[in-house]
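Read from first to last, the chains carry the letters A, B, C, D and E; within each, the first residue is number 1.
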């Protein structure tokens, strides 16, 4: 309620707040908005990565050789972070094997390869006549079953986000239709053509997270979308807010700041301050999942860039390959210099075109030398501070850069490296063409590696302490056993001699003992292996006790 | 199930703004033009000769230093930073300075104050001012006498700066190797060694000034005074241009100018202690404008956080006024800027802005935990 | 001292001349030099220097050279089951019984190589691991390679 | 009041101990180059310098000079400063437990800080009144602490700089100190 | 070498472990006094003397010095010697004494002296302490002489001017006219900033020479003392 009071008490007109920093990048949206939103023909081959957000893999429940129908569940989510996967069309599962996915490194990940039969037979789906009849838990369960994740870019599973919000209570639901990235127009096209469905999706989300308020946010220079949305919102309790154009107002943290004036605490989810943000595309997917009963098998993707003859927005099936889509738009290969998935500022540059569209792929940009000139050489940082002005997190990028170069990670942490959202505004404005984001990413990777090492070393330390404890206990309890048993055939001379004299005395006893001990050790080893398999780290303390 | 990446990724963003360091530096030089032109008009070719000499030496020294350090010469020369240093240095030293003065200052500026620190972006102190202060400390006499070519004099009080004779004499002044300048008569030197009105003000002493005030004489009525007024206006215009182009931020110049104005208003008392001078005199009677807009704002050595910039400006402003009024040096900009540079890293550290999502209290506490 | 101990890699290899990382940590607090930990390498020295207010220094060559992290792997065909390595292992990372073949638990092994020397048949190899060697993002190359954090020690 | 203020300014800036009189220079270089640690040390050394020179001053004026024992001044100063440092550090240790080794280092640096003795000697030589001398000590100690802070931040930035190999470390720091001293020379004549 | 090294393992040497150029100890007098070679020599020799005497004293008294208060003891010992030296100089080298001024008493808290006492003299026999002090002292003299001759040469264009100051004179006859300073030379070198900068350049020069020497020296020449590896596990 604090938020509502604040909103209504202080700012009845819902004027947006200012965000920190930000840049004004040239927009290239109109050319992909010229034509209408179009469905894509079904390609021959679909590649469906088991993880749609490059996080945790879902578990495949089909095998190679299975015939599947459209909307059939292919893989189910069993761990936090994974989302269910459904068949976008009917066909044959040819294999489940590694394939290149859309990330910066051209990594291989486990994918379901689906050969479409062209018939597009669907399993029976049950449209919900009245979603209002469902309570929020039912809605949540259906959203989860439909395999919906955030379609804006990060791909966080929507059902998990909603349940997170339910724990802390949500005052405000924000439907983010702000596409601040200069090339993307998918959400705008969606709202322009299917605004009513998006609004229904927003209503469903609102009742699913029990939010008291809901706002759809648009950029104020997108007149068509605003008009369409105003029409759709006529009889709705959902409000509309427009924000001044600028990058990165569409970022989750930034849009919360712009709408509410509040900041998401560092290392916390927005739900902790009572706000949830969903992408407009997600709202549309939710609408389809509840009202039509269709799971998430397609998304709206912008295809743009100078080398494309007809840039447009497509409703693409998940798993369609990028080269297939480019061919549909008529690509001029002579001018094509590279491909970006996502926006030009936060997107990923692909190493190969044979990667599938995923649930998070909101835009495909064919690069040309004119729009994306080759990187100029990196010059020295002159500490001009443009980056600090542009940073939406109010970091000091020039300092972070210096610390990253000096590998001074202590200072990096003190200066909030992990509050960097990698929006790229700093690198965009840098007059010395320093790839700042890359420095931060490498520093973050180094810090994470160091922390992994630290955890490892803590583990080793514990083990060593237990080892010492065991040795001490052995020595304390049975010094004669240790020496008599003294496992080594190769020993230093003197102690060996001493031992031998003692050994001679009770040779039979020692032999019996050592056989027993060997047995015990084997049993113990088996137990230890089992324990490890069960996911526990075998505690040497129990070993020590059983060792005697 | 991720396997090892096969290649090193290309990091976002893929799109960049069109600004580049080299162009920024050129714009700074361009912004100097009004001021330099006015100064040349009033003080003769000496100003231009200084700048040319300094620029050529700076480029040669920069190239040598880059060569010695084994850096890519073309790439690093293209950032034009040595040129900016040279222009600022050339403006700072009095016209008519000999070539060896220029050479020594530029050497100190480029080699010691810049390249020993690792080149552009790493230097802690403003190179041009380092060179200037070195000269000021070593050759106080030479550095405070402004030689206006007397061949350019048309009659006793006015002169045309752009005469050929004036050019010749300026050249001779800076290159005494090729013959001695025709300024042997001590009288003419005295008459033409013009300093800033502030210096005259300071040297004249209270009594003379009171008399001047009584007589209703404004310090700006004289040639040199008017000249300085206009020169400063020129630099002010250039500086405003830079702010308009968003090459420098307004914080530093505003803080400096505000501080100097406040101080001079605070201490100015027209009846008794006229030695303190009016705010107008402090702002336009000396090198305040070029200091505030061009020298103190050198991004490399200035503070970079917003609050840091304001404190930095205040420190410089206080030092400018303090040294001018109470100190024994006549020109205070260079010392003040170096003092500011000395404090800048600490200011930056202490004035870090509050990061998004961090409460006001946790600002200085380093976070050790990391998001999963 | 706990702070110091936390910075050490805890491989318990004894290369520093102390019996385990904690004794070395105690020794550092009492004035031992900070550059005797080869497994930690430059990173550890820098962290220790920051903590102890000392200057950075190069690794003491007497303690050995830095190498990428390794794990011990026993060539199982050659192992005679003498259990000497089991006793040598400070972390109980080797499993096996007398006269039977032994195995190293990769996750438990810190790569201290203390087990290599006692092995009578030299059947233990130290194999470099890729656990940390490849970072997903690497810093842009050219300028980076010029800087070496230890160079500031004249 | 104005006079005391001007004495403080003069002591802190015009006659800055480190950069003008070159007292306590090695402490400047020996301190940590982490600003966070330096803030602790700057406070401690400010305290110690001010207190020790104040006590020394009173001892000298009140005891040694009347008794004609001026030649014992040095011994007396040294004793006072080292004992005082030890006491201050022990009391600090209670509230801010520094690690053993750091403390030992800090102790050396503060106790043996030539600025304490130098300041005391300067005070004995000057003809100022006791209050003025105290103000002078206060200003000088403040100047020392401020320069220490600024210089530490400077060194911290130098750490990451791409300095040519022979100049790394001490050389570049000395040169920086030289340039800083140049700008402090600009205050000459002030006050 | 920014932070102080308190390691006793470092051997004292006028070159590789020079107190001024490498350890940055005792900088205050070096910087302040090195305007002329004569001053530099005077201060260098005095400092070395105090170092020698107090090293020997500390090492002979080492069993009696309280561990906790040892630093106070060091300071008291150096202060006594310094006081004596101060009076001697005042009697026999009055003009030099006037030149050196406050920096003579300040020898007592010169780090170069104190650190040697702490690191070496307190733990060793007096002969060893004497040798150590002599080496360190000569290092100190080398550094101060190098810097002061550089500054005198640049600043005044002379070397060892006013050498008479080094001769003992009675207080009464001490009237030596100093060579007139002309402005033709580079005055800046006599100012303190120049001392900082020139010392920085000297150290850089030394580093450069060291680099070259290291390149030429065969790798085996660098001594590696292997640390005896500890057997962490007690089983063997």
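As a working rule, a residue touches a chain if its C-beta (ideal position, glycine included) is under 8 Å from a C-beta of that chain, and two chains touch if they have at least 3 such contacts.
Everything numeric in this text was worked out from a predicted model, so none of it was measured.
Visitor: Computing the C-alpha centre of each chain, which chain sits at the greatest distance from chain D?
Guide: Comparing chain centres, A lies farthest from chain D.
Visitor: So which chain is the furthest away from chain B, centre to centre on CA atoms?
Guide: Of all chains, C has its centre farthest from that of chain B.
Visitor: Would you mind pulling out the distance in Å between where the CA atoms of chain B average out and where those of chain C do?
Guide: Centre separation, chain B to chain C: 54 Å.
Visitor: What whole-Å value do you get for the distance between chain A and chain B if each is reduced to the mean of its CA atoms?
Guide: That pair's centroid distance is 51 Å.
Visitor: Rounded to a whole Å, what is the gap between the Cα centroids of chain B and chain E?
Guide: Chain centres of chain B and chain E, defined by C-alpha means, are spaced 40 Å apart.
Visitor: When the centre of a chain is set as the mean of its C-alpha atoms, what distance in Å lies between chain D and chain E?
Guide: Measuring from centre to centre gives 20 Å for this pair.
Visitor: Could you check chain E for residues that touch two or more other chains and list them?
Guide: Touching at least two other chains: 1-3, 6, 22, 191, 193, 197, 203, 207, 232-233, 235-236.
Visitor: Which residues of chain C are in contact with two or more other chains?
Guide: Residues 12, 20, 31, 50, 53, 84, 87, 89-90, 136-138, 143, 147, 152-154 of chain C touch two or more partner chains.
Visitor: In chain A, which residues are in touch with two or more of the other chains?
Guide: 105, 405-406, 410, 435, 438, 441, 464, 467, 488
Visitor: Name, in rising order, each residue of chain E that touches chain B in their complex.
Guide: Chain E residues touching chain B: 183, 186-188, 191, 193, 197.
Visitor: Which bits of chain E are touching chain D when the two form their complex?
Guide: Within the complex, chain E touches chain D at residues 1-4, 6, 22, 24-29, 31-32, 69, 71-72, 75-76, 78-80, 82-83, 86-87, 102, 105-106, 108-111, 114-115, 118, 191-197, 199-201, 203-205, 207-208, 211.
Visitor: Going by the contact rule set out above, which residues of chain D touch chain E in the complex?
Guide: That would be residues 19-26, 29-30, 32-33, 71-72, 74-75, 77-79, 81-83, 86, 104-105, 107-109, 111-114, 116-118, 121-122, 125, 155, 165-175, 177-179, 181-182, 185 of chain D.
Visitor: What residues on chain A touch chain C, complex-wise?
Guide: It is residues 105, 378, 404-407, 410, 434-435, 438-439, 441-446, 449-450, 452-454, 456-458, 460-461, 463-464, 466-468, 470, 487-490, 514, 517-518, 521-522, 525, 528-529, 532, 540, 543 of chain A that touch chain C.
Visitor: Considering only the defined contacts, which chain C positions touch chain A in the complex?
Guide: Touch list, chain C to chain A: 5-6, 8-12, 20-22, 43, 46-47, 50, 82-84, 87, 89-93, 95-100, 105, 108, 110, 120, 131-132, 135-140, 142-144, 147, 149.
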